[in-house]
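Encoded as structure tokens, here's the structure I'll be asking about.
Chain naming follows the written order as A, B, C and D, and within any one chain the residues start at number 1.
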Amino acid sequence: MAGNSFGTIFKVTTFGESHGKAIGGIIDGCPSGVEIDLEAIQNELNRRKPGQSRIVTQRKEPDTVEFLSGIFEGKTTGTSIGFVIENTNQKSKDYGHIKDVYRPSHADYTYDQKYGNRDYRGGGRSSARETACRVVAGAVAKQFLTSIQFQAYVSSVGKIQLEETDAIDFAEIEKNPVRCPNAEKASEMETYIKQIRKEGDTVGGVVSCVIKNVPVGLGEPVFDKLHAQLGKAMLSINAVKGFEYGSGFEGAQMRGSEHNDHFNEDGSTKTNFSGGVQGGISNGMDIHFKVAFKPVATLMQKQETINSQGEKVEMEGKGRHDPCVVPRAVPIVEAMAALVIADFLLINRTTKA
Amino acid sequence: MAGNSFGTIFKVTTFGESHGKAIGGIIDGCPSGVEIDLEAIQNELNRRKPGQSRIVTQRKEPDTVEFLSGIFEGKTTGTSIGFVIENTNQKSKDYGHIKDVYRPSHADYTYDQKYGNRDYRGGGRSSARETACRVVAGAVAKQFLTSIQFQAYVSSVGKIQLEETDAIDFAEIEKNPVRCPNAEKASEMETYIKQIRKEGDTVGGVVSCVIKNVPVGLGEPVFDKLHAQLGKAMLSINAVKGFEYGSGFEGAQMRGSEHNDHFNEDGSTKTNFSGGVQGGISNGMDIHFKVAFKPVATLMQKQETINSQGEKVEMEGKGRHDPCVVPRAVPIVEAMAALVIADFLLINRTTKA
Amino acid sequence: MAGNSFGTIFKVTTFGESHGKAIGGIIDGCPSGVEIDLEAIQNELNRRKPGQSRIVTQRKEPDTVEFLSGIFEGKTTGTSIGFVIENTNQKSKDYGHIKDVYRPSHADYTYDQKYGNRDYRGGGRSSARETACRVVAGAVAKQFLTSIQFQAYVSSVGKIQLEETDAIDFAEIEKNPVRCPNAEKASEMETYIKQIRKEGDTVGGVVSCVIKNVPVGLGEPVFDKLHAQLGKAMLSINAVKGFEYGSGFEGAQMRGSEHNDHFNEDGSTKTNFSGGVQGGISNGMDIHFKVAFKPVATLMQKQETINSQGEKVEMEGKGRHDPCVVPRAVPIVEAMAALVIADFLLINRTTKA
Amino acid sequence: MAGNSFGTIFKVTTFGESHGKAIGGIIDGCPSGVEIDLEAIQNELNRRKPGQSRIVTQRKEPDTVEFLSGIFEGKTTGTSIGFVIENTNQKSKDYGHIKDVYRPSHADYTYDQKYGNRDYRGGGRSSARETACRVVAGAVAKQFLTSIQFQAYVSSVGKIQLEETDAIDFAEIEKNPVRCPNAEKASEMETYIKQIRKEGDTVGGVVSCVIKNVPVGLGEPVFDKLHAQLGKAMLSINAVKGFEYGSGFEGAQMRGSEHNDHFNEDGSTKTNFSGGVQGGISNGMDIHFKVAFKPVATLMQKQETINSQGEKVEMEGKGRHDPCVVPRAVPIVEAMAALVIADFLLINRTTKA
């Protein structure tokens, strides 16, 4: 029960360390008859890929996904879909210096304590490289869910954030390396990230996401509420510290008379503080939520830390790292959202006699 | 797959509608040999009970839990623990007016759309009455986890919030009806809630929680990270809109050089922006997190809404409702936290060869 | 993970010891809108009830099921269905003599070793009383599956067995206390069981089952094959030692040229050695299988055994026990079959895009 | 929920079609610190491999397993273990003739009905090639369970069977191509299989298995009884028609006074009709069970069948097939047994407080 699976019906299980031979996964429960556009899947992977722009890690990985089963003559067959992504550009020697050192705010210490040993190269299993498999699985889910739109974007980097007065244009998102839907803010954020990198530092940020055209009825009340599962999905992404949907933490400051979403006659609501979910079930309105990412823990600065003998040592980040993860997190957030929706869509088919 | 179960090894499954004969549940996977203090369990239920103070709903339910199995001569036997709580004070006629009406920001509309029918009395299964069963299960979990402390408290009501400069004294929490660890703030919050109720309105709030003395190593990396499961647990509680742990949303504004938690020689850390979790695994520091609750949707005011024919109708809340849920949410947050920790503690026993 | 749940989507979880206050369970995932005939459910329970005839245990339990949730105005609502059956006729003092004694071929020794303590009264959780909850859940499943027929019957008692030349008339089954579909064999079996009881002994037997009108496509290939899950379901019933379907163990002696089921033009097959399942998936033919039950371990004879100190002691069965379980096992086998089919029917809805 | 996973804590998920690029799987929940002997794993695969002897299919596949993750410096790390086995010798053109034809007693018809399309080459996912992944996972489980012995063997081929008077010598098993522990019977069986093959026919058989040195306490009573899960595991193997343990179907003919296993003072029993399991929990005695395999459905003879249009067609087996599956089934039975035991061993660690 090492928790490498996600989902109940549409279920993905992943494997792979940052510097092993390959990473990969198995998608089980994808319905048969889904037309698979391999290029579109690779495209999603490319959005997550290192080296794609000047503000992300310069590690060069082709990140090419190869499907091994479950697709025949361009369509899913209903059997399990196996896939692998080779690790081609591991510079393992970059990591010799951390073999015995616990990097601050990394998983080195907790893995060692929990498992007794670990593949220290590049963070091993705890590396965000693992999320590439999520993107593949999410891209398959998206092809099953062609009528639903998943759009994530960067809404803040450090203290620079989209304000309510800022125009939002989804067409802008993929035009700038930050993936911010406002060109001006995007440019400001980009400049800031470059500055941060120059200082050998890192910075956090927020990814927002909107899911449009979700059918009414998805989500299982009580423990498997739609937003509870979405929250778990997002919180399971590396570096995430918080999740809110609809009115979120601001909603906790409001009064009921302000916060209630009043119905139109067709069942839609005039406002959407609920974030598209009522009682844990989608109500047909846009689902919108925010995900907070902490600053990357690996700094290009000297830090004091300890080794596995509990001795003080000094270390400095090597390797190639992101100064800010949110631009590359955008496709990961969408992928996890697609996995949640695909799963609930299938479960929902079992609701009525 | 109606999602009425929570947990993998230490697993609780619940049933029951607000106005049915009884609510209850089954705890499966509780280890044998746990000494059970029934009074302590009833005490936890009493902390959640309606009618306990002047600022919560005045519905009077004794909420007495009866255990039917799994406990023998004062100890758990390792078999499944069944329990029921009778519903004794249902005023079903109070709810005739909503039989066919969709209350704004409630689950009436989504349940009807999803299931085709619903027990409309008191919200049926969507009522927060369901959380009483969580409190029972969590109280059993706490008795398995005697060396770990779970302490939740109210940190904000509307815009009134504990500031960093406010003294926090856990001994204060159960002394005031708000369950705020600062007597002065508690009094301010209480006055505000009374005012809100007088206006027939409601207000949201935030519950904070600290878990002390958690062993290192709990949580399964990748999808079942400790904080991801905690987040799901909290988001599954009625009215929750957001979850953050450690530095949370504020952490997204920070730099890595500020945010990293540096090690002491014993593996503890000098700061705790990580919130006791690194790489999804507990690191032995306090786990701390916040949960945002929206304002209760039922107002004692006239509201316009629609009925199941899509016709506009006017309604006004009847029955007895909380003006603010956070005081009663405190034991629920603790209970869900205890369930998460109990489950991961047991799973963790399977980690090493 | 004490294994008190069965099923993936249509899932039942049970609790209860033989001599506790009550036994019961929760059915989760039953679709909404199923019309519930409570009398029909009680009828199924009555078929399993002790004291129903001269050849079963004379323990008198009313075994009345009470539903606590999930049914509203005569229909399921899609929420979890809680139910309890009170234990009214526990003669716990009958069991004082086994408090510290391990009965041969019972679960006393293994429970004590596994859990460290046990509710010894009447076998506690290991008692077949637990199967009453399976019958309730299976009866609910049957009401969801009204177009499918589940018919189990006794095909052998000890060495007396239905031969291929014996006429089979399902209308006979409920007319005789053995539940054998051939009146003559039934009478022979009944006489034999009475004889066995007079000797203070017990005897094993076989229950056969036919499921008619199963749609094509149920069952998930690979690990969750239809017959694999059926087999697990049957093997989980107390006292079961074997399961075979279609040609079974006899099929292992056959040649392919004899064994292959040739198709008619409509996809049905001329023979049915496959037992209605090909590749783990139902093919629309009758599903038929057999379940072997060992003789009851409690004898009304002196037996030598050991106590928990490993000392030799002599014991003699007290209490009221069945000389042969198969007559009362018939409704249990049907119930478990219905649970398996209900679950796969729902899962199958998620198969195609 | 296409059922491609097996196990709860020690869990394997597999993928792959007979003629796709590769088959493979992910083992999740294998404890950290298990020393991995890759040669021993490959050895197990070789025992299952086609072409290993004159009485099995002559298809030549190297069946080399490659591990991609989860093992570091010779030991498991506790993270998920991914592995692949390339398909190197697919003669897909051999299968063009069945693209549109439903082979009798194969899964062609049911897959088409269930999924709407299928990879028809070599049976696709329904091919027993899938079991190679089970052997890999089981071989890893065996390395975790070094103190437990799993020994399966062929006990019957068609009507030729090991009698109680036949000597059983486990050292013989791997010395003959049938894998029968009696050299004389082995030779008789081998001759028979060759005869059957010459006739273009196939024949069924039985695999017996003994598990030695199992600790007391494995298995979860009620639905997840040790033998119920073992039964499911075995019934999920291609071509299996029946499962019995301990006294099995013969036990159903016995009296309680013959069948009860009486205790020695150390808790062991004088006889073992229980098959090492009492109340669903291992009692420390040998676990022994039998698995019935039907004759292979593919004959090298003309057979009449139908195509997907429901038209009668004639077909004859092509490709390379086994005349009798039991010799190659021996390592598969052991592998599945090891997976069941590994899982219950880990679950059992969570039993006591």
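A few points about this structure:
As a working rule, a residue touches a chain if its C-beta (ideal position, glycine included) is under 8 Å from a C-beta of that chain, and two chains touch if they have at least 3 such contacts.
The UniProt protein names, listed by chain, are A, B, C, D = Chorismate synthase.
These numbers were taken from a predicted model, which means no experiment stands behind them.
The minimum number of touch steps separating subunit B (Chorismate synthase) from subunit D (Chorismate synthase) is 1.
In terms of C-beta pairs in contact, the better-connected of the chain pairs A-C and C-D is C-D.
With centres set at the average Cα position, the gap from subunit C (Chorismate synthase) to subunit D (Chorismate synthase) is 26 Å. Subunit A (Chorismate synthase) and subunit D (Chorismate synthase) have centres, each the mean of its CA atoms, that are 39 Å apart. Subunit A (Chorismate synthase) and subunit C (Chorismate synthase) have CA centres that are 46 Å apart.
Shared interface positions of subunit A (Chorismate synthase), i.e. residues touching 2 or more other chains, are given as 1-5, 8-9, 14, 29, 32-33, 78-80, 114-116, 125, 221-222, 347, 350-352.
For subunit C (Chorismate synthase) in complex with subunit D (Chorismate synthase), the residues that touch the partner chain are 1-6, 8-9, 14, 102, 104-107, 109-111, 113-116, 125-126, 130, 156, 158-159, 196, 201-206, 216-217, 220-225, 227-229, 231-233, 235-236, 241-249, 251-267, 269, 273-275, 278-283, 290, 292-299, 301, 303-306, 310-312, 347-348, 350-352. Per the touch definition, subunit C (Chorismate synthase) reaches subunit A (Chorismate synthase) in the complex via residues 9, 29, 31-34, 76, 78-80, 144, 221-222, 346-347, 349-353. Across the interface of their complex, subunit D (Chorismate synthase) is touched by residues 1-5, 8-9, 11, 13-17, 20-26, 28-30, 32-33, 66, 68-70, 72-73, 75, 77-82, 84, 114-119, 124-125 of subunit A (Chorismate synthase).
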